[in-house]
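Several structures are given next for inspection.
The two complexes that follow have subunit A in common; it is paired with subunit B in the first and with subunit C in the second.
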Partner chain A sequence: MIKKFKKSSEATQAAIVFVATFIILFAGIQLGLISSYQTGIIISVLINISLAVSLSLVTGYLGELALGHAGFMAIGAYTAGLITLNINLSPMIAFPFALLIGGLITGLMGIIIGIPALRLRGDYLGIITLGFGEIIRIILNNLTITGGPKGLSGIPKYTNFIWAYWVTTIIVIVIFLLMNSRHGRAINAIRENEIAAESVGIPVAYYKTFAFAVSAFFAGISGGLYAHYLTQLYPKKFDFLYSIEILVIVVLGGMKSLKGTIIAAIILGFASEYLRRYAEYRMIIYSMLLIAIILLKTKGITLKSIKEMILKTLKKNKETSTIEGSE
Partner chain B sequence: MSLLEINNLSVNFGGIKPVKNFDLTVNDNELVGLIGPNGAGKTTVFNLLTGVYIPTEGSIEIDGENIVGKKPYKIVEHGITRTFQNIRLFKSMTVIDNVKTACHHHMKYSAMDGILRSKKYKDIEIAVEKEAYRLLEIFDMEDLANETSNNLPYGMQRKLEIARALAGKPKLLLLDEPAAGMNPNETLELMETIKMINEKLNVAILLIEHDMSLVMGICQRIVVIDYGKVIARGTPKEIQSNKKVIGAYLGAGA
Partner chain C sequence: MDGILNFLQQLINGLHIGSIYALIALGYTMVYGIVKLINFAHGDIMMMGAYFAFIGLTMIGMPLWLAIIFSMILCAIAGVIIEKIAYKPLRSAPRIWALISAIGVSFFLENLFLLIFKPDPKPFPPMNIKPIRIAGLQISGITIITLLLSFAIMIGLDIFIKSTRTGKAMRAASEDQGAASLMGISVNKTISITFAIGSALGALGGILFAVAYPQIDPYMGVMPGLKAFVAAVLGGIGIIPGAMLGGFLLGIAESLTKGYLSTRWADAVVFGILIVVLLVKPSGILGKNTSEKV
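After this line comes the complex of A and B, so read on.
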């Protein structure tokens, strides 16, 4: 009984946080306290959150390296963009429809790519997903329907703060709920020990493909948001570096922590925007961050890990000073 | 009809035949020991039974149904679950989640039920939670339910692995060296637990073990293999005085 109560209070707490954040930001935008430039940053951060959270399903929870997330996003972006360009309906119907179809087609591609790709593991899966991401980009570059290298332009600008916020929130909540059901437990178990997972009755191949498809589905939806925010799409935007950027967010966020991923997306999003002057060094900083995290073996940047790190160094200093003192 | 019937089971890895013409029957509620020197092929038999390896020859029937060629996760549905020689827990998951995960195949709700937190989801999750606690109580571990399983002491991890195997509601439980690395007291306690599982939960057990006090103490029947072949079968008493068995363990001259 106590546990149940705790669970429901956690849910209300989360709901309060989501609604309060929305009200604060929305009021800020309406009152002009947040400029349209800053609103733009917030929207791109929200899109990055939805992308990173969807990638964390594969990289964090399932524990497989995937480097083609921008490719999935591109499929969703182009599909949704083409739908709204060719359908004359009110935005309230056309936009969610385009997002959903974009997500579904991307999810389907996720299954098609996932079935052969997930026979591989670790670095090999990383390489093959990287290859698939590039193949998608090159196909988009050469099809006439997608406008080739010139891309698609004139996509209606449907993605505003409200849409971006609530779509991202729904994605986060759905992934959270999914990870706390039997499906989530199965995916976690596969990461922990594949042989043991299979031995307790979990169809490993099915759940790997399932995680890959759901991840692609949500990446497709974020792609749709992205398309209707930028209003024009070029294949070049969805290159390998974008996949790496999303991966960095997930790794910094601690791999399997939704909270951490969201915080990392916010920090990196604002940092890369306000440090635009040093944009050339961005990839260097990202790589160094990744190396630092791997070396320090921290589970991403969380308040707890920072606190622990500080305590550790303090303790070390104390120890060395006492040793020196005794000598 | 017996619960498990293995006929003429063989497997080849290239030129090596770790298991040759192996026969075994296990009846309902029986407790059978499988022993043999190191490298005799005991664990390979388990891997063949659970579908990790596919036999080159022979049949494995559970309740009269052939399970050769089925995937490991399908074989769980036929009622065989196992533990591992080197512990394979879901280390960073909690104790209770380890057990719940193993209930996977008899929890039938869709991903949609999970996302929408439907009534079906709640009913099944509550039932599974009760079931998981009941299993942990058998091993006196209910207080540790929310502990990360990697933090448990070694003996507890072994017990948790058995609890997890039981969560799949097996008819036949395969235990691969459950007492490995345990001290005599822990082994004694484990012996009682295995006996109790066998008697109270009506689960047949096939047990690999090197600790002879445990094997001789609780097994109703023992099968000895060496170089992949059965060299002796019988009650613990018969096995203890069998010349072939003594020869296999100590060398033919003994």
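After this line comes the complex of A and C, so read on.
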């Protein structure tokens, strides 16, 4: 009973956070407090959140290294872009339809790429996914329907703040619910010990493919958001550096924490935008930050530990002040 | 007759680029063998090697052989420093953290050189060596030097690893670090030596690459680095002859695709071969299949 109560209160808490954030940001945009440039940053951070959260399903929860996430995203982006370019429907129907089909086709690709995952482990799987990602990029670069290296342009700009926010929120909620369900526990068990998981009757092959497929499905949807935000797509954007960028968010976010992943995506997104003013020094500072964060992490210094430290000192101060007060 | 000649020509081109991939792949595989880290910065070490040789050749006016030695020594030092700063503190951490650190180092090196040398490609001083003609086949001097140099280095490395004390220490440390240190091997020193040798070989690969495609830019290491890594995995990562075999196979496959199919699809074929090989033999061509213990 208490547990159930706790769970439902957590759910309301999360719902309040999601709705409140939306209202604050939306009001800011409507009142002109947030400029269109800043809105752009927010939308790209939201897209990165949805990508990172979908990757965390494979890399964080299933514990397999995947270096081809940008390839999945590219399939979703091109599919959705081609659909809205070629059908004449109102945006309210065409856009969700394109996102969904883009996601489904990417999910199918995820199944195809998930099959090698049954045979390979660790770095070898990482390199296979990297290979698939690069092959997807080369195919996009050579097909005529995708415009080749010149890219696909003229995609209608359907992605606005509202779409980006709610699609990302839905992805986060679905993955959260999934990971706290029977399926999520099965995936966690496979990561902890595959043989033990198999011996208690978890269909390992099924769940590995399942995780890849779901991860690809959501990556495809975020690709669709991306396509309708930028309105033009180039194969070069989806190279393996972009996959790495998303992987960095997941690792810095703590691998198995959706909250951490979201925070990491926000911090990295804004840091990289803020550093733009330093022009050519930007990437040098960014890369040094990356190394520094990882080195601090090995020393046990993370955002969480800093937060705990602050809370502890605050508590101490409070305690000492009440003691002083009682005297 | 022409068909055979053309085929042989493509094969020689493949051996040329393949030997460069093999040299770079050796660095990946040696480092992976000993610290189980995919050293993403290795492609950038290769780029640094090319730039250091460029500095030696054009600014200091060294002869080529001295510029090569100069660049290899500088890169060896750089490799050791990178290991000490960015990888050593992460040795007991989850492996993916060290991977992120390596990615950070890679970005750092690329952008540092971008800042110093500006993004535009610089022409690498051309080598004027007469091509050799054998029965209608024309083999450029650069190809011959590249092949001779890389074969000599690989044989040297093989002897070094098999019969010197340091080489034995390297093999021991890659098999079991704990046991090696109990036997009195300084694991830290051995890892430093591994990084030094790997980086020096990477530098040589970079110089030979720059000589073959006579221009250099700060991002030149990304694609060859990736392909060399693919070569290392193809041959079985951590296995030194595997890296050589993988490098040559990759180079030949790439050259034949470019010659007979299409230039644009060459990279896709390279990655396709990798996927097929790994699906058939998950631990690479020369890798031993290890079964999981229950």
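By definition in this document, the second predicted complex is superposed on the first by the 276 of 327 C-alpha atoms of A that agree within 3 Å, B and C clash if a C-alpha of one lies under 4 Å from a C-alpha of the other, contacts with A are read in each partner's own complex, and residues count from 1 in each chain.
Here, contacts are C-beta pairs under 8 Å (C-beta built on N, C-alpha and C of every residue); 3 or more make two chains touch, one makes a residue touch a chain.
Quantities reported herein were computed from a predicted structural model and do not represent experimental measurements.
*Asks:* After lining up the shared chain so the two structures overlap, which partner does A:Ile195 touch, if you call subunit B first and subunit C second: first, second, both or neither?
*Replies:* both
*Asks:* Subunit A residues in contact: does subunit B have more, or subunit C?
*Replies:* C
*Asks:* Tell me the contact category for A:Val174 with respect to subunit B and subunit C: first, second, both or neither.
*Replies:* first
*Asks:* For A:Ile139, select first, second, both or neither according to whether it touches subunit B, subunit C, the two together, or no partner.
*Replies:* second
*Asks:* If you stack the two complexes on chain A, which partner ends up touching A:His183: first (subunit B), second (subunit C), both, or neither?
*Replies:* So A:His183 only meets subunit B here.
*Asks:* Just subunit B (first), just subunit C (second), both, or neither: which does A:Pro203 touch?
*Replies:* The first partner, subunit B, only.
*Asks:* In the superposed arrangement, which partner chain does A:Tyr278 touch: subunit B (first), subunit C (second), both, or neither?
*Replies:* It touches nothing on subunit B or subunit C.
*Asks:* Touch test for A:Trp166: subunit B only (first), subunit C only (second), both, or neither?
*Replies:* neither
*Asks:* What part of subunit A is shared between its subunit B contacts and its subunit C contacts?
*Replies:* 195
*Asks:* Note which residues of subunit B are touching subunit A in the complex, please.
*Replies:* 50, 52, 71-73, 76-77, 81-82, 84, 88-93, 97, 100-105, 107, 109, 111, 113-115, 117, 121, 125, 164-165, 167-168
*Asks:* Which part of subunit A faces subunit B closely enough to touch in the complex?
*Replies:* 174, 177-178, 180-186, 188-189, 192-193, 195-204, 210, 214
*Asks:* Please give the residue numbers of subunit C that touch subunit A in the complex, ascending.
*Replies:* Answer in residue numbers: 32, 38, 85-86, 89-90, 92-93, 96-97, 99-101, 103-108, 110-112, 114-115, 226, 229-230, 233, 237, 264-265, 267-268, 271-272, 274-275, 278-279, 282-284, 292, 294.
*Asks:* With touch defined as at the start, can you tell me which subunit A residues reach subunit C in the complex?
*Replies:* Residues 59, 65, 116, 119-121, 123-124, 126-128, 130-132, 134-135, 138-139, 141-142, 194-195, 240, 244, 247-248, 251-252, 255, 280-281, 283-284, 286-288, 290-291, 294-295, 297-298.
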